[in-house]
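Every chain is named by a letter (A, B, C, D and E) in the order it is written, and numbering of its residues begins at 1.
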Amino acid sequence: MELPQVDIAVVLQIAIVFVWAMGMLLAVLFVKNVRAIGLASLVGTVVAALAGIPLWNANRSTFGGMLALDNYALTLNWIFLGITAITILISLDYLPRHGIEQGEYYVLLLFATGAMMLLGQGNDLIVLFLGLELLSITLYVLAGFAYPRLSSEEAAMKYLLVGAFAAGFLVFGIALVYGASGASNLTAINTFLAQQNGRTDDVSLLLVGAALVVVGFGYKIAMAPFHMWTPDVYEGSPTPVAAFMSVGAKSAGFAALTRFLVVALPAERAVWVPILAALAAVTMIVGNVSAVAQTNVKRMLAYSSVGHAGYILMGTLAGNSTGSRGVEAMLFYLVAYSLTNLAAFAVLITLEQRGESAWSLDSFAGLWERQPWLAVAMGICMFSLAGMPLTAGFVGKFYVFAAAWQAGLIWLTVVGVVTSAISAFFYLRIVVQMFMRSPAAGVRPVIDRGLDIGIAIATIGILVFGIIPTPIVDLVQNSIVALGQ
Amino acid sequence: MEYIVFVVTAIIAAVGAVAMVLSKNAVHSALFLLLNFGAISVLYLLLRAPFLFVVQLIVYAGAIIVLFLFVVMLLGAERVEDTPDSIAWQRPLAIGLGILLLLEALYVAFSRTVGAVTPVAQRNEDFASPERIGQALFSTYLLPFEITSVVLLAAIVGVVVLSKRSGRVEQAQRALEHDADGRSEQMEQVMERVG
Amino acid sequence: MVPTNYFVILSAILFTVGVIGVLTRRNALVVFMSVELMLNSANLALVAFAQARQSLTGQILVFFVITVAAAEVAVGLALLVAIFRSRRTLDVDEVSTLRG
Amino acid sequence: MNQLGFPLVSLVLWLPTLGALALLFVPRDNVATQRMLAFGVALVTFLVSLPLLFAFNFGISSFQFVDSIPWMQSLGIGYRVSVDGVSLWFVLLTTFMTPLAMVMTWDTVRQNFRTFQLLLLLLESGVIGVFAAQDMFLFYIFFEFTLVPTALLIGMYGGPDRVRAATKAFLYPFAASLFMLLGIIGIYLAHGQQTGTYTFDMAQILASRGFSATPGATGQPTLLLTPTVERLLFGTFFIAFAVKMPLWPFHTWLVLAHEQASSDGSVDVLALLMKLGGYGFIRYNIQLFPEVSRWAAPVIGVLAVIQILYAAWCAFAQTDIKRLLAYSSISHLGFAALGMFALNELGVSGAVFQMISSGLVTGGLFFAAGMIYARRGTRDVTELSGLWKVTPVLGGLTLALVFASIGLPGLSGFIGEYTIMQGAWLSTALGWRFVALAAIGTILAAAYFLHMYQRSFMGDVTPPNANLVDLTPREIGILGALLVVILGIGVYPNFMLGPMQPTMQQIAQVLGSAVAAVTP
Amino acid sequence: MSNLTWIILLIPAFPLLGFLVNTFFIRDERTAGRVASGAVILAFVMALLSIAVLQAQPEPAEGGRRIDYILWEWISVGSFRVPFGFLFDHLTAVMALLVTGVGAIIHVYSIGYMHGDVRQVRFFAYLNLFIFSMLMLIMGDNMLLLFLGWEGVGLCSFLLIGHYFDRRSVQPGINPSGAAVKAFVVNRVGDVGMLLAMAAIFSRLGSLSFYNQDPMLDGRIVPGFLAHVNDIAFAQLDLGAFGTIGIATAICLLILLGVTGKSAQVPLFVWLPDAMAGPTPVSALIHAATMVTSGVYLIARVQPLFQASPTAAGWVVTIGVLTALLAALAAVAQFDIKRVLAYSTISQLGYMIVAVGMGAVSAGMFHLLTHGIFKALLFLAAGSVIHGAHDHQDMRRMGGLRTKMPTTYWTYLVGALALAGIFPFAGFWSKDEIISYAWFNGGRPVGAILLIFASMITAFYMGRQIALIFFGQQRDTTYTPHESGQIITVPLIILAVGAVIGGLINFPGLHWLSDFLHPVFATPGAPPVDETYTLGQGILAVVTTLLAAASGYAGWYLYTHGAVARRVRIGQPDPLYRYNGDIWTGAEIGWGFDWFYDHAIVRPYRTASRFLSDVYDRQGIDGTLVDGTGRLMGRAAESLRGAQTGFIRNYVLIFLVGVVLMVGYFALS
């Protein structure tokens, strides 16, 4: 038996993250200082990110095309690692403050990161399935990490049951796709579709399978109507985990979904675009409209993240139509959205007391008078989420709309615009609370250095990428899905 | 012959599944599930998959169902559904939707002769022998194989984390105490930094 | 040789039963079993297709699915135990404090 | 580069922002320095903006003082700022009003003074940016950005119902201008697909819509849109600007915002009276879509006439002076809208003049209302009486402003109104019927303004009003400066109309050819 | 001499300077009066000089000397070019002399009259501003500049009527601030006509300048529109359901609307009686002698337009006659000394309007001049009476003042005779010219008869007034009347002399004024004024004056002798009320126009405005449409929240719905 030739470069980043995670796991046994483990994990993400730099434009794949390393994947890897890094920063003090300080937290976080990277790089349904499951399993645990707090347990359970349910559909979908095409490799599926002469029965079968695969990923990105778990799970999970899920898991889901649609199913674009566009519209509407009535900011952010899934989906949908910039728009949006949501959740952490009422809108009242910079940061986040110019969120939205319009989805951009307008309402409500009301009694924001740095990095990022988006634009423009097409 | 075996096992599997869903007692459910799994493993044999036949029996029947039974009995949670269903209206909807889904599946299966699924000319009874699977796992499918190792590791870590309950409660109490007396000091520091 | 279609149809039936189980049962453990049933029926389809295709991939996939399912069950049951300890129930309907 | 070889427009644009940043380094308690710094920056900005006028080339109909830096080149987005005969005046109005507004705040803002000044300076930058940006993307950025300081200023420093006012003043225009984003994207893509160059550069897009840089010459349109597409695109811009301007019936947010904005009038003047929407109509709706403008003109003309009369009618019932002024400003804008969609040189010039004049005059009245409030603690005319006797200078200056607003010839208000009416009368799209109705607005204006003046400034002096002090020299300076300008451009309006002409000629020419194309 | 044309700029310049100096520098009341008077006197001198300069101008080929001095281009947009230019021709000269001359006298008078009053500095500043605006009105060389003056005098009128703005009411029960606002707003109604007329003129005739002008800076010539009136003589405007209307007629009717406002004609005269709330000199200057005559001036100025539209001219005459009659009747029923004069003014303006409407421009201008003199005299004398009667204005409180205030009495009598049209006073000549023109030249005998009737009533109410004020016994004995000082009486005497000999200006046979004005209105090549007098005219004149004298005597006699005179009591209605009843009341309230406007326009407007603002706008547009959208969102959000039950099984159900849809779509596609 001969082991296959493996291109180490392609798996390098993933390997670093997993090995680092195992190292941390060992360290948990010997090191009492959990904070040190967190910092070490942070270093791990940085190392992994740096390791990716020489791989730019590598465009290689290995393991028989199961794992690809194109610029698309590389950019996503950096996004994932950045997300993890900021999550670690905002977790450092959250854990001891809430009495859930365990080194395994960071280990799981790193495992999840690796899983996300697998989703970004995976070019085979097997890898995508395993990556998704790895991500899910770690997130189940992370969501329940604050046990025996009831809400945390409930979040974990809801996530688990819905996740397992979705996994069932994913597997069945994979089975059908495999049955129809005889392949699990995305490139091979594309080749198969290209060889089929018109709408054969096999193609029909494959499409049904693809639908179920999309459902599997749709659950991860919180696409309506597979989003129902989102608000409950985000609310119950420890806040840094919610932040991580809302950006990390979602980004990874999009990474995989986009690759699946762009690489495997470009030939059937005419079929999947309408239905997904409709779902994107529903997602935007449901997410943004539901958030209007929320007074719990954490839940509001959860709903808003559902809404944003719709916008990102617009990019994915525009994906590979000729001349469209869908994928790059999606990537830019992910960057902008990730920074913004992480910062927003970080601000939530500062306000989070032992009780759970801390997320009520009222606790934001008069924040500006108590913590001006924190309020400004949150304000910037809210404006970015609403798509206000001079923030990264705006450029992202603009990018996505332009891409969708160019792909002919003009009606979808109209829906996007209308829902953006609706979303401004609840984002503005927080700004109003912070700047225009007098401080609420009893809520004292607590800031520590990790949060400080995390919020600062994210907020500055929002502003810088909002004003000078060129670096990111250049990055994402080169981050095309090079392999498998 | 194979048809007869198939029909019988299929019926057993279906009955097991339905009975699993219908039985009030979780223990019974688990046992019906076992029945179903067993039937499916027989089907694996029919499909020339001896390796999976074994794996199915060992992992599912041997491990998972046992685990289920163990938990059910440990928690004494055989019957939790004696209270009235607060969302009883969902049941007919659920069944309806399920049937709709099934109809869709049957429509696909019957309306289109799924062409590619027709047997390949050259049949090799031995195409999925345990040796071949083993070789494939360590060559072509090395990467997924390695990933599963990580998945399992992560699961282990997760289970360990979720089970360290006693330590967690103490820690939470400590944090609470710390919170009580450390709050004002912390606030002062914060105020200093901002002011 | 039994046609592959038969297996697929059986698999679909079992899958549907699993789905209905998830939707109707309140015992978290049974819900979980239903999920396992769903996974199993998918596995059946995979094996059937593998047989029809005469390709290993399907069977390998089943192997991975089984592994992952096992891992998931482990974590899931650990979680259910933890929840049971806090709430003294495994009725999924009772785990509904987060809403709205 | 440009005719000065110096990025003058950029300097004017960013000076206030720099000032705002500098304010951050002034200690929170040092109000005196904050005042001087903010005011100084605003004043310097005004002085620096004056050369725009002196060096302006009256013979060019397109953009001048162009500063252009590539920004997101791959998308055709650039930092392009410049002015033409239209935006020049809006920029100058902004730079002129800001120092006055700054001075107004000195007595009224007691808390968080630094932030107030900072936001005002940011607002100034934003507003100038809207007028100066000649890149659609950049324009949109500034257009939206102005909402942030506006909402914060209203919401943090406004009256009792400030939160609702701020929310509305933010959400409504924000929601509407999102549609404009679609329109911008649409034009951008259409332009890219038809001409091959993907760009947001207004100069280029205008050129491909048939605008020529030399007055009198006719360009050849290369960007051709089907009527439906053109109408839809027009509609997206229309919604944004109609709400922003505002046009009837999108006006209610403005009334509330005016009512609740900080009492000194600074926010009203800088944020709400700066007619970004009106400017947008001219720059985008009319210039980009001449044919649809012609198609839509009668409808918009009807809206405008309704607006003139409706707002004036509503104003009559107001007892809060700021609310009254809000309606008055809306009524004036009805004239501006009528003029714009007269779609001829006279009408559009008149509209620009009217908007500038409204900024000055109504701005002055808002300041005056602020001065009343600072003395009396109320703006309710039922509680005021005989102020002219107690505070003669305030009464006299207010009266002068009132008459300017009513449209007394010799003051700026009349010029705009008359040229608009004349333009609308001559317009092939509108005609005399519109004018006949709009002219009634001048009666109503006199009625509500003098009614207000009579109730608050005339009549016998009631005890609560008896001991008010008259204006300080500083306040006299504010209103005086405004009145000098109002009188100046009322007596010699060609000062403003002249530089506009090349641009207007081009607009008229393109509109004319569009008209020729439409009329069978 | 021709290079001295800039001198015409000095005419308005001095009052403007006076205004500025008084506003910004003078705080002393006496100085203010002197500065103001000096400015106007200087302006008068400049007007005289300007006439000299004008006469020295070379006679142009098409006839009609005029000086046109363009300062700058006022508005210039495309083909719309309006200069800021001043015109000085013979018509302007006449008006300028009247305005500055009478203005100067009234300024001087005001120094005495306003002594000790409030806000004198402001008062004089306003007066100067008024003179300036009035001069702008008559010197503007285009409609728009004329309109500037037109509105400017309106502003000054507002300011001066509202001079006592801090009082709740002045005699006779008028709220000064309300009267001021009313004056301006009612005038605005007329101004709309002006605005529309201007817009129409430009759009049809391509210019707003009256006459061809000197080249502008860029060498382009702005043509005058009056020369092109014939272009539109037969043009029709389609009014849709209302048929068609001649363009010229439409323009003229719009101008007429403006005129009815400013010159207080039916139906917009209602503001003038209330305008008496202002100080008496203001009434004399603005609301009798000058401002209210600007309508007459305007019609004279744009005479070719009216000639092009006989229909419109007919309307003008009708309005004029109606006004003359109604106002005269209303004057009979007034008790306030100034209100009588106010209605009388309205009535006399009606005569002038009739004259210019018929095309008898010089007759109209003649009456304008003489009326300007004698009505100013009457108002000033009335002011003197008021002064002497300790600020009482109610004639029922007077009586027998003849002996106490002899100078005032005699001058008042002269004014009254002039007004009544008694030979040989100024009013006789001018009024007779109008009536006779109407009878013989204008072909409007009915109008002439009505005018004669109005003139009889005029004489009657003046007789009544003289009787009530100066004859009989002093009915209110709470005060001791006294004669006014010299600074008041001297202007009275000057004006009285004018009222006596004013007729000379256009004395039949001399017809200086007609000659003087001839070049302005004559078409090129027309023969000079050729006035022949027929016997009929003579008879008419004799009859008219006899009738007037008779009715004047009747009025005097009724209120000095017998039962009627005894029944005049303070606070009681007029004795004649018993015989006329409702008609008398109607006359007293100015025929109910005020009442009608109040009920038909003002009140509904006010109610509707409250409804629009508080209900329709706040609850309708804002509450329902704008906030309603928000509420709708909120409701949608609530229902979506309702779907978020917290039950996992619900979530899964919805999940499954999605799956079924997805699979169904993909399976069927």
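Brief remarks on what is shown
Here, a residue touches a chain if its C-beta (ideal position, glycine included) is under 8 Å from a C-beta of that chain, and two chains touch if they have at least 3 such contacts.
Please read these numbers as outputs of a predicted model, since none were measured by experiment.
In summary, the chains found to touch both chain A and chain C are B, E.
The chains in contact with chain B as well as with chain D are A, E.
When chain centres are taken as C-alpha averages, the shortest distance to the whole-protein C-alpha average belongs to D. Chains B-C form the pair with the most C-beta pairs in contact. One simple way to say how far apart two chains are is to compare their mean CA positions; for chain A and chain E this gives 77 Å. Each chain gets one centre point, the mean of its Cα atoms, and the points for chain B and chain E are 97 Å apart.
Averaged C-alpha coordinates give centres for chain D and chain E that are 37 Å from one another. Within chain D, no positions touching two or more other chains are listed.
Annotation for chain C: residues 4, 8, 15, 18-19, 22-24, 26, 28, 32, 41, 43, 48-50, 52-53, 55, 60, 64, 68, 71-72, 75, 79-80, 82, 85, 92-93, 95-100 touch two or more other chains.
Touching two or more other chains at once are residues 86-87, 90, 94, 97-98, 101, 104-105, 108, 114, 116-117, 141, 144, 148, 151, 154-155, 158, 162, 165 of chain B. Annotation, chain-chain contacts: A-B, A-C, A-D, A-E, B-C, B-E, C-E, D-E (touch as defined at the top). Taken in their complex, chain D has these residues touching chain A: 71-75, 137, 140-145, 147-148, 151-152, 155-156, 162-163, 166-167, 170-171, 174-176, 178-179, 181-182, 185-186, 188-189.
Taken in their complex, chain C has these residues touching chain B: 1-2, 4-10, 12-21, 23-30, 32-34, 36-37, 40-41, 43-44, 47-56, 59-60, 62-64, 66-75, 77-82, 84-85, 89-91, 93. Touching chain A in their complex are the following residues of chain B: 104-105, 108, 112-117, 135, 138-144, 147-148, 150-151, 153-155, 157-158, 160-162, 164-165, 168-169, 171-176, 179, 183, 186-187, 190, 193-194.
Chain C makes touch with chain A in their complex at residues 4, 8, 11, 15, 18-19, 22, 28, 31-32, 35, 38-39, 41-43, 45-46, 48-50, 52-53, 55, 57-58, 60-61, 64-65, 68, 71-72, 75-76, 79-80, 82-83, 85-87, 92, 95-100.
Interface residues of chain C, counted against chain E in their complex, comprise 19, 22-24, 26, 92-93, 95-100.
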